[in-house]
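Here subunit A shows up in two complexes: once beside subunit B, once beside subunit C.
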Partner chain A sequence: MSETLYVQLLDLTGGALLLTAVLILWRRELAVIIRVFALQGLALAALVAVLAARDASLELWLVAVGLLVLRAGVLPALLRRALAAAGPARRETRPLVNVAASLLAAAVLTLLAYAVSQPLVELAPSAATQAIPVGLTVVLIGFFVLVTRRRALSQLVGFLLLDNGITAVGFLTTAGAGLVVELGVSLDVLLAVLVLQILTTRMRETFGDTDLDDLRELHD
Partner chain B sequence: MTTLLLLAPIAIPILGALCYLAAGWRPATTWVSTISAALVLAAAITTAVAIARTGPHIALAGLLRVDALSAFMLIVIGAVALLATTATPGYLRAEIAGGRATVRAAARHSVLVQLFLAAMALAVVAANLGVVWVAIEATTIVTAFLVGQRRTRAAVEAAWKYVVICSAGIALALLGTILLNYASSRAPGAPGLDLAALAAGAHGLDPGVTRIAVALLILGFGTKAGLAPLHAWLPDAHAQAPAPVSALMSGVLLSVAFSAILRVKAISDVALGTGFARTLLAVMALASLLLAASLLLAQRDYKRMLAYSSIEHLALVALGAAIGGPLALAAILLHILGHGLTKGVLFLGAGRILQITGTSRIDAVRGLGTRAPLLAGCVGLGILALIGLPPFSVFASELGIARAGFASALGWVTAAALILVLVIAAALVGHTGRMLLGRPPEGPGAATATRRLPVGTAIALVGGLVAAAVLGIAAGPLATLLHLAATTVLGTP
Partner chain C sequence: MSALGVVGGIVQPLLIVAGSPLLVGLMRQVRAKLEGRAGPGVGQPWRDLRKLLRKEPLAPRGTSEVFRSAPLVLVATTLVVAVVVPFVTTASAVDPVADLFAVVALLALGTVALALAGLDTGTAFGGMGASREMTIIALVEPTLLVAIFALSVRVGSTNLAAIVSSTLHDPGRVISPVSLLAAVALIVVIVAETGRLPVDNPSTHLELTMVHEAMILEYAGPDLALVELASAMRLSVFLGLLANLFLPWGIATAVTPAALLIGAVAVVGKVAVLGVALASAEVFLAKLRLFRVPELLAGSFLLSLLAVAASFFLA
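Let's turn to the complex of A and B:
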């Protein structure tokens, strides 16, 4: 792969990651959010595939396939099943921060990510490390979604966004953490999502809804 | 032989879990978890003795590494697990009798508790920071259903908060791990994520990247250790979980997460100088103490009261770690063990009070001293031990932290912390005094379970207090281990 093509593909996939993150912030229809999340999984897998093609690394190719299956297939399917079970409540009705302010916040978070990741880029300047701020922005946007959304399902998407961002940073720093760790991390994420999905079901059984505003029993 | 010994604390609870999975909860399996905990403790002590003689052990092609700190943490896990599992049969029988749990739920409880122990053991013996992360996140996953075991509104809410906040917080630690791995891959010798190699080669780490990584790691593992600012899951989860699980979470899980912070601090102190981690930990400690003090003063729920006291004690441990130096580090390790035993006793006692009275409100419990003298006596003594009265070991360790604090640059911080600790002590004694003393309430509805304390619970309560007292009077052979573990964290052999 020529250098220019590599850089262009890297920028394209990085841009797709960022765009999907912002779209999730923008849209309120839960079904749309899940579809965009699946697209982001695709972009993430493509990003790793670009790195794999460049290094001609079989291990990275395998990881890219694994990511594609998990992030663009299994996790969105799990979310969709949770949504189908949720019945009519399919919109993020009242986020704590409205859409316009959320988008502004996303811009601020992007700037913050660029500022914070200066040392990360400087340590080993390359096309891949130049894209680290994108990964960090997705992490920050994920956190933002997690704290400002009211539906259990949107919080779940926020958590997964956070994980996508971290995975992206992990591969952009181009330092594999070893197979045991990679496997463990993927398994933990999958299990955490399963646990949360079961809890959403229980919540609906006991509360009749998954609006987290109803979670008011425990406080001081 | 060594490999087998190192694997034992992980393998024994997994075998226990398989046993419960196959046989379920029946008279024959009632004490399996207690036996498993006792074996873990025995293996931990054997390991500690071996390490004191010959130094750190490595097994499984470098995946596991046990040094003095790991051996000490294994002892803490084994000791508190022994307390909790000794009281478990009595607790579960009362729950089943009261219709709040089924035999199936009891079996599931036992399986998950065993897996919980295995995950914590893995977290302290793993040689690789990535594996430590995986193990600590695994504890969140296995305990999620334990927190939500009762399936009431409050329990489901606590479980949701617990998983969301802990998973998000620990995700920060994952990002930190990845960045540390990045810094280490560019360092001379490329130490990877191996904790010992990282601590030895920390000079070569890029300071800019390491600073971000360390901050994320301390915040992330701090979430799991119950330190501010991401502490919000702790009071809910501790209050809603079944008593033996609360005892384990408060007594061990928090300190297991904190031992990961100690490992990170050893790396940070060499790579960035001692100032960075010290400032971060001191700020988190003071914020946690302030929070615990302000929420304890007007607390109305005794299980939440104990939970906030756990935040207080972990904050003291964080303060000790910020102070640094051999005295402070030995003191915080002693504090971890003393707090684990005492808080284990208190949560088990609180669980029993909940079963007798059916309420967790402080003002609804009156005159427990006349209704259940042994239980009230143990809880009373436990609170006195917790606020740091001699002869219990919390006294010795708090004294150690304070002495080291005033001798260091953090004198003012230590002074402020001690004032907050006094406020908290007054609040704890006041609340507990109202519960234990006075005349019992009149009328029906006050009693739902049998009054007699189950033998297992009684043994756990008295045994835990005796152990905490003995530990306070003479650390004995533990002193050698404490000293060795403290030097491990200092990074200078």
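Let's turn to the complex of A and C:
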């Protein structure tokens, strides 16, 4: 793969990661959010595939395929099942901060990510490390979604966004932390989603709602 | 001031003034066809303008010079933009004015003049329309600036002619994430600024929803003709700007009749294609609630900011 094509593909997948993170913040319907999340999984897998093609490494190719199956296939399917179980009244997110303000907050987070990651980029300037701010922005936006959404399912999406960002930063800095570590992290995420899905179901059965604001007070 | 710039400065305003009512007519005709109506024909806006220009000038009692001068300011600022922005030729007649900030300021000046005229009439609708327009432009203007700025970062100049000719020399830039993000942001703000669906509906007079129509409700006769012509010109200027910033091919780089002809045909073709695409998209869109509009515009502002950020960190 030629150098310019590599840089262009890397930039394009980075742009797709950024765009999908913003769309998750922008849209209200959970069904659309889950679809966008699947697209982000695809972009992440493409990013790793570009790195794999560059290094001609079989291990990275395997990781890319694994990411594709897990993040663009299994996790969105699990989320969709949880959404279907939640019923028609729970199709929209109810953010604590309104959408316009959270989009402007995301703009500030982007600049923050850029400022914070400058020392990291300067350690080893290359096309891959220059995309670190993208991964960091996804992490920060994921964290923002996690703290500003009320519904359990949208908080779950925020958590997964956070994890996508961490994975992206990991691959951009070190070209992978080894197949075994990556496998362990992926299984961890999968288990967390499964446990949280069961937890939301139990919550709804007990309280009739998954609005986490109602869970602040103790009841008998 | 180069010969190419002078020729462009003469051809472009003629093309914009003559063509923009036809563009509006074309868009209305496309909508009519898609909705299953016969439609009034492409030349109808010109016939309307001719009828309005023959009428007696009238101004409501109690209005001041602000009301009477607003249409002139609107037409004049748009004409200056039509002269300087690289539509047909890459050189500009008045090069310092072809700057990104000057062009955006000129376009915003026209909007502000119209909003002041809406307030000047003292009617409920005028004030309502003006306040809505100000809400929209407060988010549109920074987005316009930042989105085009994202393109100017790589060029190292905010001169629009320099941006266009650098894209012409390096076509690979068009599919970079910077261009894509900036293009999406620019499309959203152009739709908002020119008062098209889903932000404003150009074909209704329903008091609850109108923005642009509410401001110009008190105009009649030649003044109304000027306002209508100016809004048509603004639409063509914005679409032309969008087309040439991202797809500048065909633009004239030399003073030969053939190059100029190709440049003119290319810009007319690109603007017509964009107009038809916009009109056909409008058929499938419903108007957005007014309180959701800032959300849409904040989203496009974020996209333009991401474009600038990406032009720095994905460089």
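We take it that the second predicted complex is superposed on the first by the 212 of 220 C-alpha atoms of A that agree within 3 Å, B and C clash if a C-alpha of one lies under 4 Å from a C-alpha of the other, contacts with A are read in each partner's own complex, and residues count from 1 in each chain.
Heads up, the rule we're going with is that a contact is a pair of C-beta atoms (placed from the backbone, for glycine too) under 8 Å apart; a residue touches a chain by one contact, two chains touch by 3 or more.
The structure presented is a predicted model; accordingly, all values stated were derived computationally and were not measured.
Taken together in the superposed arrangement on subunit A, subunit B and subunit C fit without clashing.
Once the two complexes are overlaid on the shared chain, A:134 sits against subunit C while remaining clear of subunit B. Contacts of A:152 after superposition on the shared chain: subunit B is touched, whereas subunit C is not.
In the superposition on chain A, contact is made by A:110 with subunit C only, not with subunit B.
With both complexes superposed, B is the one of subunit B and subunit C in contact with more subunit A residues. Minimum Cα separation between subunit B and subunit C in the superposed model: 18 Å. For subunit C in complex with subunit A, the residues that touch the partner chain are 172, 175-178, 180-181, 294-295, 298-299, 301-303, 305-306, 309-310, 312-315. Here subunit A touches subunit C in the complex through residues 4, 8, 11-12, 14-16, 18-19, 22, 26, 98-101, 103-104, 106-107, 110-111, 114, 121, 130-131, 133-134, going by the rule given at the top. Subunit A contributes residues 116, 118-120, 122-124, 139, 143, 146, 152, 155, 159, 162-163, 166, 169-170, 173, 175, 177-178, 180-181, 184-185, 187-188, 191-192, 195-196, 198-199, 202-203, 206-207, 212, 215, 217-218, 220 to its touches with subunit B in the complex.
Per the touch definition, subunit B reaches subunit A in the complex via residues 63, 128, 130-131, 133-134, 137-138, 140-141, 144-145, 148, 151-154, 156-161, 163-164, 167-168, 171, 174-175, 177-179, 181-186, 192-193, 206, 208-209, 211-212, 235-236, 239-240, 295, 299, 304.
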